[in-house]
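Take a look at these structures.
Two complexes follow with chain A in common, the first pairing it with chain B and the second with chain C.
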Partner chain A sequence: MSEISMNTATNGGIEGVNAQPQLREVPAVRMEAVYKHYGDFTALNEVDLKVAKGEKIVVCGPSGSGKSTLIRCINHIEKHDEGLIYVNGIELDHQRKNIDAVRRDTGMVFQSFNLFPHMTVLENCTLAPMTANGMTKAEAKDLAMHFLAKVRIPEQADKFPGQLSGGQQQRVAIARALCMRPKIMLFDEPTSALDPEMVKEVLETMKKLAEDGMTMLCVTHEMGFAREVADRIVFMNDGKVVEQAAPEAFFKQPKSERARTFLDQIIH
Partner chain B sequence: MSHFSPTAAVNYFFNYFLMKGVLVTIGLTVAAVIGGLILGMGIALLRMSSNPALSGAARIYIWFFRGTPLLIQLVVIYSGLPQLGIKFSVITCALVGLILNEAAYLAEIVRSGFMAVSAGQREAAWALSLSPWTTFRRVTLPQAFQLMIPPLGNSINSLLKATSLASVISVEELMRRSDMLMQEHFQILEVYAAATAYYLILTSVWDAVQRRLEKHFGRSSAAKSRRAGARVPVAQTSVEASA
Partner chain C sequence: MSAVVADMPKSDMSKPVAPATTKAIAPSKGGRPWTFYVLSALFSLYVIALYGPMFCIYILSFQDIRGGLVFPMKGHSLHWFVDLFTQVRTGDVKGSFDRSIKLAVIVTLITVVVSFLAGLGFRKRFRGDTFVFYMMIGSLVAPGLVLGLGTGLLFQALGLNASWYTSALGAQLSWTLPFGVLVMFAVMSRFDLVWEEAAYDLGASRWQSIRLVMIPVLAPGLVAVALFGFTLSYDEFARSLQTAGSLNTLPLEIWSMTLNVTSPSLYALGTVTTIVSFIVIGASLGSIVLIQKKRGSSAKG
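Up next is the complex of A and B:
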């Protein structure tokens, strides 16, 4: 918590210049009129989104609605075509320097884990701290073991990803991202590739992270998780943010017709 | 003369003159692999370039050298180029021909290796703020290399035998020296039996090396087949990205 408030204090002055007067701190993410096209297909259609520090957002919506594209634009894994994206006050303007700075502030967990299969669990976790942050091997190992313990998997450190279950792999992926000490965590359908009995262990890990005050954006269909953890639900359809509401309100009384049919279809 | 003399064959096998030819064959192969890999990597990089001129040039190179016999390439370099005033020593001619030809095959192997590494691996590296160089050296290259080993092994096996074509431009490697012995003593079966034995030994040694390499670089993928709990998330990221 102290780390978060410290950041607010140091960034406050810079943001003061172009922030709206009522806004006291730099939002973790600010998107203004963001567009993303794939050929003729519009994946993001004038998306506006503001995420405060420490906020937990669940992005949901039907398949192809642009949810993944949305969070993949936040760390510039996808380039947005138009509009403004600020992450912790840094503008994502396709400049290398800014992209690097934003990627240092964000961690990402993928649907397909994307662990490096030729490295052990420990090597997966220490690679970035050592090469991108210049840590020594010993420092990186301590850090990695700390986070592997946090995701309750330290005993698997010397195994290869292929020797672990899907749930274990995804927890390693979370630990690997945390080793870069991100301020924002992006989850792109983290449980969609898992067998049902492994979904829980990953969601538990994410809940713990949320309790620690991490800013989180999760694309997920786990509505139980959304209800319990999210501060806000962002519902997308056809590349647009159709509705944003607290989980309570969203699940009880979705404003849009599209959200209502969506909820009818996924909640059995 | 209607008999085969095993003793003569064994004698040819231990013939010092022939053994030196074996060393030339090994030398040609090793040099052509190293040269071919370096040139082939470069051509593969050009081929994967988003610049149409560069990838087009690489494509034409590959099309040309894979589409013509190595024998013609060697003969043109050895006896055709002097007509244009370009003249190399015999051994240089053989090396140039073998490297240019091998590079075309290796470029395609290198390229397919890199293409087979999933996009998610690169995305994960970006998300972790790894530099492009670290991403290449620690993430993409090792995985691509692992995928390249089997086709690379085949290509090197073919190359080892293809060096015999250099005999046509009078490089005194194993084949040429066998011909020379044969013309001197006219014990055709005996001489070629010795040469055949050498080629078999060389290809078998390479097979063993290749198996060791596959085992060494495949240590993590051996475990992959035992994976439990993941519903094989193949290429889901790219599907999702284009959705």
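Up next is the complex of A and C:
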């Protein structure tokens, strides 16, 4: 219950959010007491998290705190060991058909872009719609060009990833994920591998996506982006969700000592 | 190893050896240090020692009918090439060539498939992986003749007929598989797991991610493994000697010809087999370059 009341409080305080989370709706993501171990290391330690549809979450925390693991469990690229994860009401219970259904609903953008190096930008975008969704080539191409235009890179459609800058590659990666018409976008440190001058173009693209009402979970160290776009900041440490708060409250008055020291370190 | 090197981005190799800039740094005498000339002389000698003997064979194979097995060269014609394929006494060249090519193709296919699967398997650690690895590499160290002899004996003991497509195939695989797996490990290390993760996130099944992402990305490396398998099998001698049974492969045929054929058609055969080797190598490297070029690998990753 506390989760829900906080959502309301959060969204009440923020302006410019188009899609107001609906309380009665099935949450986009629901995690209950999720654990993930790597050998002796506990990457996720009893994590509870609820994300409403249309909500924008920024996950932050020191390195090794489990933030990447958290969002990688949501599309089952990492398998959680214990606990329950529901994505749009579908339980991730290691059943193939549920995993496939969840992956249809989620799109992921990785730190290192992960574009297929042997395909052109266009082919990168059309591959999955054609093979996984059974679109024809022409349909897939229209769709891809639509999203490539959206990330403002349609003129590069016939180039190979190796010929693009990092920022351009990351925008293509966003377009590629969007081509699967996901309901939830997961961003795993999308700007960490970029040269500073390219960070902005990627963040702008993400902002536009947020304005369109996409449900987003972003692991990022871009606190400016968090302040501007996030409905809620999730602060993690040692595999636990230590603190959740609206950006204003989080940046001004972090409740936990750990969050305070973290913010001191990253905000100069 | 040239295949593996050719697999790398081109830019590493085609860099000019600092032409004008060195002069600017050391303007006094220009030119290169004396060590450059010593090393080039050494390298030239090495190349001559490497290819000289082979060129002797190629040159002598173009003599006319009066030709003998040693210099000086007597006339020039294609007589001995014709002789090679028309005369029965020179041996079963056509048949053994045919067998060798077929065997090499079979060995290549098995090597590529098994090495690829081994490469997939060894991406994650598993119980006993080190042991399996050393068992595999062990057969590289075993002397080929002994291994071939053992294979032949085993077939005899089991009451099976030794032939080029059974026992010789097995003996050759004991040689090409460890090589293939080693090269495949190097190839696999360049496949980033992130591509697989992206494929899964986009809804690919395991098989789709292998077929649509992994194999195409690794294609140049797979060609390199295939080239290894083919050339190692095509000129394999030691392991085939006791296992090929009654019908010879090409290297065995050449060897038996050195014992009883005393005409330059032996050299003609050497020339022909070399040409075949170079065609195979050229086609492989060409296809690697073509794949790389198609991907516009000129830009940085």
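In this section, the second predicted complex is superposed on the first by the 245 of 268 C-alpha atoms of A that agree within 3 Å, B and C clash if a C-alpha of one lies under 4 Å from a C-alpha of the other, contacts with A are read in each partner's own complex, and residues count from 1 in each chain.
Note that in this section contacts are C-beta pairs under 8 Å (C-beta built on N, C-alpha and C of every residue); 3 or more make two chains touch, one makes a residue touch a chain.
All figures in this text were calculated on a predicted structure; none of them were measured in a lab.
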Chain A as common anchor, with chain B and chain C clashing or fitting: clash
Partner chain(s) touched by A:Asn114 [first = chain B, second = chain C, both, neither]: both
Partner chain(s) touched by A:Thr131 [first = chain B, second = chain C, both, neither]: both
Touched partner set for A:Asn45, first chain B, second chain C, both or neither: neither
Partner chain in contact with A:Ala177 - chain B first, chain C second, else both or neither: both
Touched partner set for A:Asn98, first chain B, second chain C, both or neither: neither
Chain A residues touched - chain C or chain B, whichever exceeds: B
Chain B versus chain C as contact partner of A:Glu189, first or second or both or neither: first
Touched partner set for A:Ser68, first chain B, second chain C, both or neither: first
Footprint overlap on chain A, comparing chain B with chain C: 75, 77, 100, 103-104, 106-108, 110, 112, 114-119, 127-128, 131-132, 159-164, 176-177, 180
Residues on chain C engaged by chain A in the complex (per definition of touch): 192, 194-195, 197-204, 208, 212-213, 216-217, 219, 291, 295-301
Residues on chain A engaged by chain B in the complex (per definition of touch): 38, 41, 43, 63-64, 68-69, 72, 75-78, 100, 103-104, 106-108, 110-119, 127-128, 131-132, 159-169, 176-177, 180, 188-189, 192-195, 198
Residue ranges of chain A in contact with chain C within the complex: 75, 77, 100, 103-104, 106-108, 110, 112, 114-119, 127-128, 131-133, 159-164, 173, 176-177, 180
Complex interface listing, chain B residues touching chain A: 118, 120-121, 123-124, 126-131, 134, 138-139, 142-143, 146, 217, 219-231, 233-234, 236-237, 240-243
